[in-house]
Amino acid sequence: MINFSKHAGFNLSRRHRAEQRFQWAGRFAILISLAFLVIMLGSIFRDASGVMRQSQIAVAVDLGPEAIDAADIANISFGKILKSAMRARFPDVMKRKDKKRLYNLVSPEASFEIKRQLTNDPALFGRVQTLWLTASDDLDLYLRGKIDTSLPENQRQISDAQIAWIKDLKQAGQIRRVVNWNFLTNGDSREPEIAGILSALVGSLFSLAVCFSLSFPIGIGAAIFLEEFAPTNRITSLIEVNINNLAAVPSIVFGLLGLSIFLGYFGLPRSSPLVGGMVLALMTLPTIIIAARAALKSVPPSFKQAALALGATPVQAVFHHVLPAALPGMLTGAIVGMAQALGETAPLLMIGMVAFIVDVPQSILEPATALPVQIFLWADSPERAFTEKTAAAIIVLLVLLIAMNLSVILLRRKLEQRF
Amino acid sequence: MENAHIVGRFDRDLNKIKDRILEMGNLVISQINQATEVMQNTDAAKVDRLVATDRQINGMNKDIHRRAERLIALRQPMALDLRQALSPINIAAELERIGDHAKSTAKRSHKLAAPPKDQEAMQITCQMSGLVQTMLADILVAYTNSDIEMAAKVRARDLDVDRLNKAAFAAGLRGISQDPAKAETFVHLILLARNFERVGDHTVNIARHVHQIVTGEDLKASA
Amino acid sequence: MTKPFIAARAVNVFYGANQALFDIDLDIEANKVTALIGPSGCGKSTLLRSINRMNDLIAACRFDGSLQIGGQDVYAPAVDVVALRAQVGMVFQKPNPFPKSIYENVAYGLKIHRLATSKREMQDRVEWSLKSAGLWDEVADRLDEPGNSLSGGQQQRLCIARTIAVQPKVILMDEPCSALDPIATAVVEELIDSLRKDYTIVIVTHSMQQAARISQRTAFFHMGKLIEVGHTKDVFTNPQNEQTQNYITGRIG
């Protein structure tokens, strides 16, 4: 009697149980990692949600001819105008300390906003105008219920008087919340309500561009030579071992190298994306070389042989047949390296890309900072509102990484050839 | 062959065919023997048995042909193997022809009113019969052992058969001239002797095949 | 015997410390198919790859002796391997079309050697090559499709077309049918036979039946030595050497 059932012996029940155990362990591991991912993304998005919108206060500003001179915008004190406008709204406020609190309802940047609006639209001159100005971060936090009003007054960032004014303004319809584009279009600022990511983003993109244009050609070239042309001897194996070791060198060491060589010896501009990109290129080179060599190795040798047998020179054989077949793999390696570089902080700290940069850098020679450094700086700031900025900046970084990976997948699909 | 094939089935199939050839050869020798006895003592029952056995020999020829064909188709032999696979077809065909001669000898002997045992031609013919039987037995041994020297000796002995045939022919002619009344008997005797001469020729053909199996050389072509 | 087109004299080939070929003297006649047979590791492929110097790619490989093609020494210092390989084509065991279109595959050799002066000429020569390889009727309307979209047998004929496009004098084939089914094999064998009138063909094959079917001359190698060479019809019916006999009849040799 032949028995094909699971009771046929062969230690089957134990083997099947082991099979099941392993599969469940695998599912559990995936579940755990997914849960952590969800928790991480959830907390980031929760923290970042505040950045999506910002609060504005409508202030009736006196732009009459007796208050200011329209012909001489540069010398007008918009701070003064703003302050008098605020006092006009709440005439009861008399004490110096209370006045200061009143002024603090609007962002310190608000006076510049008045100036900007006037420059854009000179027709506003000549009479009292109601303008929407950015509110302070404390007001914004209060509106979103992020400030615990049950605490004693001296332990919270917003006083009872301020709360009363806010309520009054709100009733009069003089407070609104709008979508916050400033985060993406502004540079950094000491004031969280107007601090933006653009300067750091541009700094990162400049650094990456420098890094890619240096490390990709050098890395690919080195990989091709080592894999296809270099004779196998002690020197090449020594080089190979060293490249593999370099990939494991802590990135801060590359930062030190950049500091002493690029800044100290060559005197390149400090804090510039040029130096940052060069340091990152040094750091990503081993990764790119190793990935490119693996990609070259995975190309069937038959292509090269066929080309050589047809009378192609070795360089022709490699560049016509091996390289196109290996390119998708090489690009993947390069993008992995770029993603690594994008998230790298330590070497940038060493070469001074940690500066407080308000203006968006216009070239790779201007001082700049990078996204991860910006995140680090904001996370280090005392103001409560910067927590949200940090989370939002992390999202921008993640979006950038996803975009890079996506572009590689698309590129691969286009380049990949069946063989 | 002492060095075996990697595929053992080939050797087993080939050996089976060789066994069939030996079986057929021994049967043919016994047919010649029986026919010679009929020649000496007329026996109608024996003739019938002989004819029946000849049919069996024809069947064996077909069987060997079929087996060799299958061996070639399935095993695709080369060189020596190919010759070893092909030769049973030829050898069996020769044996089958020898069997036919034995049958025709028996039938012709049956036509003799009384066997003229005392005639010289008859004695010579019997002598031929004995000779071709030993030749056949020897060539079967030579085939089994792939022994080309033995095969060469068998070929040489055919000269004796030819000489005896000529002697029988002369004796027959003399008998006709001495006793024209018995002319028919003597003509039969001459034709019987010729049968054995033909058997000798077929045996020589088998010997040539044995030589070709081993050396790959076609004696008929080079002759 | 006519004057040999390829003449190997006292050829010894070493891979590092291992000697792969021992004192090979072999004449290969023009416009004939010469089959190199023998068990694995017997050196037949090594000899084939010595003819177009593909062995040069192996760093540890050393060649000793003389190998002449058409009276020219292949291993002379003045020889440029690119020029050599342009005139001694090679077809490999596994069909290996480039991951490019059918047209590009055939045109590649013409392009690198600049053998066509105009687009029109290029097209003509690609068509001629595909026709010579008996592939034209099957691919004429899909020249833009990738070469590896073809069946195995078609791919191998594409590789042959690619090789003959540059019109070599000699075509070396390294077990060209070992990856093909019997029908595709028969088509390629028929092709090889038709190419014989224009090219000198040397083929390494594991299939003795194939060697018997397509070659005019057969050389049997064993343990790096040339055991026997002769007309195929003699080697396969009546080999002179016991080792050859044992090999071709499938005995332990």
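Just a few scattered comments:
For reference, chains read A, B and C in written order, and residue numbers begin at 1 within each chain.
Just so we're on the same page, contacts are C-beta pairs under 8 Å (C-beta built on N, C-alpha and C of every residue); 3 or more make two chains touch, one makes a residue touch a chain.
Since the model is a prediction, treat every value here as computed from it, not as a measurement.
A comparison of C-alpha centroids places C closest to the centre of the full protein. Of all chains, A has its CA centroid at the greatest distance from the CA centroid of subunit B. By C-beta pair count, the most extensively touching chains are A-C.
Mean C-alpha position of subunit A lies 103 Å from that of subunit B. Centres computed as Cα averages put subunit B at a distance of 52 Å from subunit C. With centres taken as mean Cα positions, subunit C sits 59 Å from subunit A.
Touching of two or more other chains is recorded for no residue of subunit A.
On the side of subunit C, the complex with subunit A involves touching residues 52, 54, 57, 59, 82-87, 89-90, 92, 94, 96-99, 108-109, 112-113, 146, 148, 159, 162-163, 166.
Here subunit C touches subunit B in the complex through residues 208-209, 212, 236-239, 245-246, 248-252, going by the rule given at the top. Of all residues in subunit B, those touching subunit C in their complex are 1, 3-7, 10, 76-82, 216-217.
Remark: subunit A residues 231-232, 300, 302-303, 305-313, 316, 320-321, 324-325, 417-419 touch subunit C in the complex.
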